[in-house]
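Right, one structure below, let's go through it.
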Amino acid sequence: MSQRAARLALPLPARTQRVLPGFGLSLGISLTFVSLVLLLPMTGLVGQLKGLSLAEYWAIVSDSRVVASYTVTIGAAAVAALANAAFGLLMAWVLVRYDFPGKRLLDALMDLPFALPTAVAGITLATLYAGNGWVGALLEPLGLQVAYTWVGIALAMAFTSIPFVVRTVQPVLEDLPPEVDEAAMTLGAGDATGFRRVLLPYLWPALVTGTGLAFVRSLGEFGAIIFIAGNAPFETEITSLMIFVKLQEYDYAGASAIASVVLAVSLALLLAINVWQGRFIRKLHGGRG
Amino acid sequence: MSIRLSDIAKHYGRAGRALEPVNLEVAEGELVGLLGPSGSGKTTLLRIIAGLERPDRDPAGRILFGDRDVTDVHVRDRRIGFVFQHYALFRHMTVFDNVAFGLTVLPRRERPSSGEIRARVYRLLEMVQLERFAERYPAQLSGGQQQRVSLARALALRPEVLLLDEPFGALDAKVRQELRRWLRQLHDELGFTSLFVTHDQEEALELSDRVAVMSHGRIEQIDTPDALYHAPANRFVFEFLGDVNHLEGEVRDGVLTCGAARLRTSLPEGRERLLLRPHEVRLAETPSPEAHLPATVTAVSPVGAEVRVELAADWMAEPWLATLRHADYERLGLTRGQRLFAVPRRWHRFTADGRPQPAAPARAAAA
Amino acid sequence: MQRIGDAPAVRRGLIAVALLLAGLFLLLPLVAIFAQAFAEGVAVFWTNVSDDYTLAAIGLTLFVTVLTIPICLVFGVALAWLVTRFDFPGRRLLQTLIDIPFAVSPVVAGLVYLLLYGRNGWIGGWLDAHDIQLMFAWPGILMVTIFVTSPFVARELIPLMQAQGSREEEAAVTLGASGWTLFRRVTLPNIRWALLYGVILTNARAVGEFGAVSVVSGAIRGETMTLPLHLEQLYQDYNTVGAFASAALLALLALFTLAAKAGLEWRTARQEVSP
Amino acid sequence: MIRHPRLARPLLAIALGAGLAAPAMAAERELLNSSYDIARELFAAINPEFIAHWQETQGEEIAIQQSHGGSSAQARSILQGLRADVVTFNQVTDVQVLADDGLVAEDWQQALPNNASPYYSTTAFLVRKGNPKGIDGWEDLDDEGVEIVFPNPKTSGNGRYTYLAAWGFAEHQFDGDEEQIQAFMRDFLGNVVVFDTGGRGATTSFIERGIGDVLISFESEVNNIRGEYGSDDYEVIVPPVSILAEFPVAVVEENAERNGNQELARAYLEYLYAEETQRLLAGFNYRVHDEAVVEEFAEQFPETELLKVEEVFGGWDAAMETHFASGGLLDQLQRR
């Protein structure tokens, strides 16, 4: 699409003066890709849903076992995301603020869950945390069972989404000028107060974004969880498994219906994160935008 | 509260010394400026006083606030006010919350009631004339306003020592002027002891009771502005404060020669370096018998009380600057490109290690 | 310089907790993979790795990855350029749309492709009639891999390019640079490390994708089995050592990826220090 | 080592840097067998025999491709275009789905002997050494404190057989008293500690993770597991009453025709009934029909009353409808 054509195609505000080249090209590539790769396949989902009446749709997505799976999934994802918020904050803090031997290694290790295929993570966690695994053998006598319980699901979710919080908080913490700390200290704030009242608010947007992304990722995770979840109905069945079950029953419409719920929730969350972040940043950087 | 430093030194790893052992005394209620080029150690010194940096253990220097030895006291317990160059306001807090912060983090038993905090914050905001902006966020304020908030915040705990790190460095000239005057007023009114860092000599001289001129981690001289200008302790201070013209050449038979330039003097034989302030240079259309210093006018700036004229010549290492009264300027009818002669009224000399030698009036001017 | 939390006790405590947690949750699983893979000795490990099916799975995995990267690269750069350099209606929507793959469970991602391009889908029916097979063959695996990896490059580039602004490019335009030259000479040097990081993430995900690929693969041994699928089958076959041998290969690839990334970051940091 | 001419293709494509090279056609005819999850070793043993047999009788060199997965997932893949020539499943319903779609002949169960099921099995138990919980039959499985592992009936055919076997036993035991049957089933299902999605996952949970007191799976599978993990640690219990599990096979006519593999596919399936193949199958602990082989392996397979799905549940369609469909009896029994 030429730039001119693009101008004609979209009602553009007059103030937009495009100095830089490549609008048409990049718009063309982006739209083609987004339509073909992302949106077109989604029509398949919509197509399946069209075959359902509203009542049928409601019956599928509000089935008590499916609802129980939402509870399990959302609960475990929330726990995983919150655990990650604390863990990620600690890691980001330690990596940015302190120097110690092995720091580079620790830093590199943070990305492991993204680099490691989820299936590998799944079988490894199951092996480690089962009653006869290295860690499980230690926990079992304490009465703490991880594998095949709700805790295992949260653990697998937490593992696969570790980098989100660390990697969103880390750059913000790095860019925080030393004066912020110093100003707080000259005003008499102690470590805890200074962190809570001054530093944390700076990290807040990044922390919320990272936690939100970790949560969304956990909602959809399947590969890693399936090995460590007990898949007991009403207790340790995740929503992805319910979709999988529907597929096994050739019930594409049912699978699509449940998938649409997860998709809608995830997209809404992502959009909310984007919008919230925009608002927050606008507040801190004056009334612009 | 007075501040006393003895043998405060600082070095950073292998990078070298940032501060030679420094001794400094600031009297209670005094306003002292730390002036020097960048890298002279002035900010380091200020931060050490604040407790943001730790001085070297060897030599074991001490910092005393009044009679209280604060050398090993943590910054948060030193009870100083500190104003940062870039304000360092907490951008997620309103102006009110910023100013109130120090009060709200006090230990519970020392903390005033919220009503009292409110009253005190508003009093401070009134003082900095920002009471209308209490609910704004820092990003919604101009630079000058932000710096005023920062000052109010630093004063909220009623510190007896106020430290300011290039407080006006990031502001434009007009706002800077205004804030300077206002800071002086505030200082006189509240009577705290202030120490501020600047690289702007005009600011230092105008604002301070005394100025400490620093270079290479040392205090070269600490004195009143007047004394600094008129009785510089060494060449560095002389050169750092105000503009300086150089004339360097060989003296033989009572005549200093430098390229095409000649100056009759009574100095001993040998290499000499004379320094002249711009107002110590007179301009003439013809050379005098005592001085033959031909130069070309390269720029003329008639703005202000005096006219500033820039001169260039082959024999100058750097262009000279001369200031003359408007009357003289008009009489000479100066234009760019005009060739004329500079005549020293007086000049200054320093020994090889920088100690001043008596300034002497030039013969021409005396004649 | 003193900062919040610099007190030695606080510092040591936090570092210790961080190292302990990281060791427990990140390092230990990694060690476990290799421990399991070599549980019966190097020879058994090697037999498993050099098995024909394993080699074929490695081959397919690399093949798909090599094709995925340039496609995602072009898209990522185009999209980042579009949303950071121009203002147009629908910009925010477009930015949210590229997050779809993050929001969609991989199994669902595979499903939607299957529904569209499978024999019963409206495109798949036509393809089937023309004897073109996409699903259950490598093109299908490639397609879903592209789907799940598409946001990575753009996601890395957008914040950076937004922060950098377009001043430098505008300056270059005033100096007469245009099009490709502008991008290559002005933009690319500024974004190359982020770009590479995006590629590394894309690579990691492309190699490791399981859920989406498993739906469209057809699981034909030696033909449409990627390494993660192969691993799962071995695991299902009680060949724990074999499964963990494949897992170890993938983990090695992951470690290589991490090393490459750490190396990049180190270079970037060094560049910033001494320009 | 399995000889496979097309294995190296992707590697080669990269080596050539020809990223977009279209798949080169292999020189020889290929047959794709889509099979259930746990039959990998089985067909890895059968296929070379058949290839040799075909070479001998027809003088043609062929290759056989295997695709394995959950039987239902496999059927779904074929519906969506996986070009399998033959299916060798462990679920009659999964073949029926293909027949309903017209991919498989309507009368496929008549096309080959024994309902097109060349071998069969039943559901049996694997318990830990010494059978500490004293499990001898289904009646012991609803006892409190017995921990059971078997795959999810929702996702696994194996799991469905287990469920139906238990139900069949209960119906037998309680003389069709619906209330008692359901009470038994509820307790039985309540004792399940892990519902893995497939048979192999369940085995891993039981063996590698040490979970549960009893693993319920196909008789063939539990025997294989015992062989694999040591007869010292586990014992196989074949309950006196259990269910007949058929392993149906069929030609996917549409694909075979498209691939020009019709007679090859038929011959392949027929070969599964040949005496030498049946012996091979029995070696993998499957029960077979060939009389000579049955005699040979008589010791290995205890006499058991095998209930038929058709007889107890009125056929698979009815069983699926009543028990496994969404909101069916399984869902109701698991409701808390």
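As written, the chain order gives the labels A, B, C and D, with residue 1 at the start of each chain.
Keep in mind that, in the parts below, a contact is a pair of C-beta atoms (placed from the backbone, for glycine too) under 8 Å apart; a residue touches a chain by one contact, two chains touch by 3 or more.
Fair warning: this is a prediction, and the values are worked out from it, not measured in the lab.
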| item | value |
| --- | --- |
| Chain at maximum distance from chain B, centres defined as averaged CA atoms | D |
| Inter-chain centre distance, chain A versus chain C - centres from mean C-alpha coordinates, in Å | 16 |
| Interchain centroid distance [CA atoms averaged], chain C/chain D, Å | 36 |
| Geometric centre distance via CA averages, chain D-chain B, whole Å | 89 |
| Separation of mean Cα positions, chain B and chain A [Å, integer] | 53 |
| Junction residues of chain A, two or more chains touched | 127, 133, 182, 184-185, 189, 194, 198, 244, 247 |
| Residues within chain B bordering two or more other chains | 52, 74-75 |
| Where chain D touches two or more other chains at once, by residue number | 79, 201, 208 |
| Touch relationships between chains, expressed as pairs | A-B, A-C, A-D, B-C, C-D |
| Residues of chain C touching chain D in the complex | 51-53, 55-56, 58-60, 62-63, 66-67, 114, 118-121, 124, 128, 131, 133, 135-138, 218-224, 233, 235-238, 240 |
| Contact footprint of chain A on chain D as seen in their complex | 70, 72-73, 75-76, 79, 97, 152, 154-155, 192-197, 201, 205, 208-211, 324-327, 331, 334-336 |
| Partner chain B, residues of chain C touching it in the complex | 1-2 |
| Interfacial residue positions of chain B with respect to chain C in the complex | 51-54, 74-75 |
| Chain A residues within the chain B interface of the complex | 177, 179-180, 182-190, 193-194, 197-198, 201-202, 204, 283-287 |
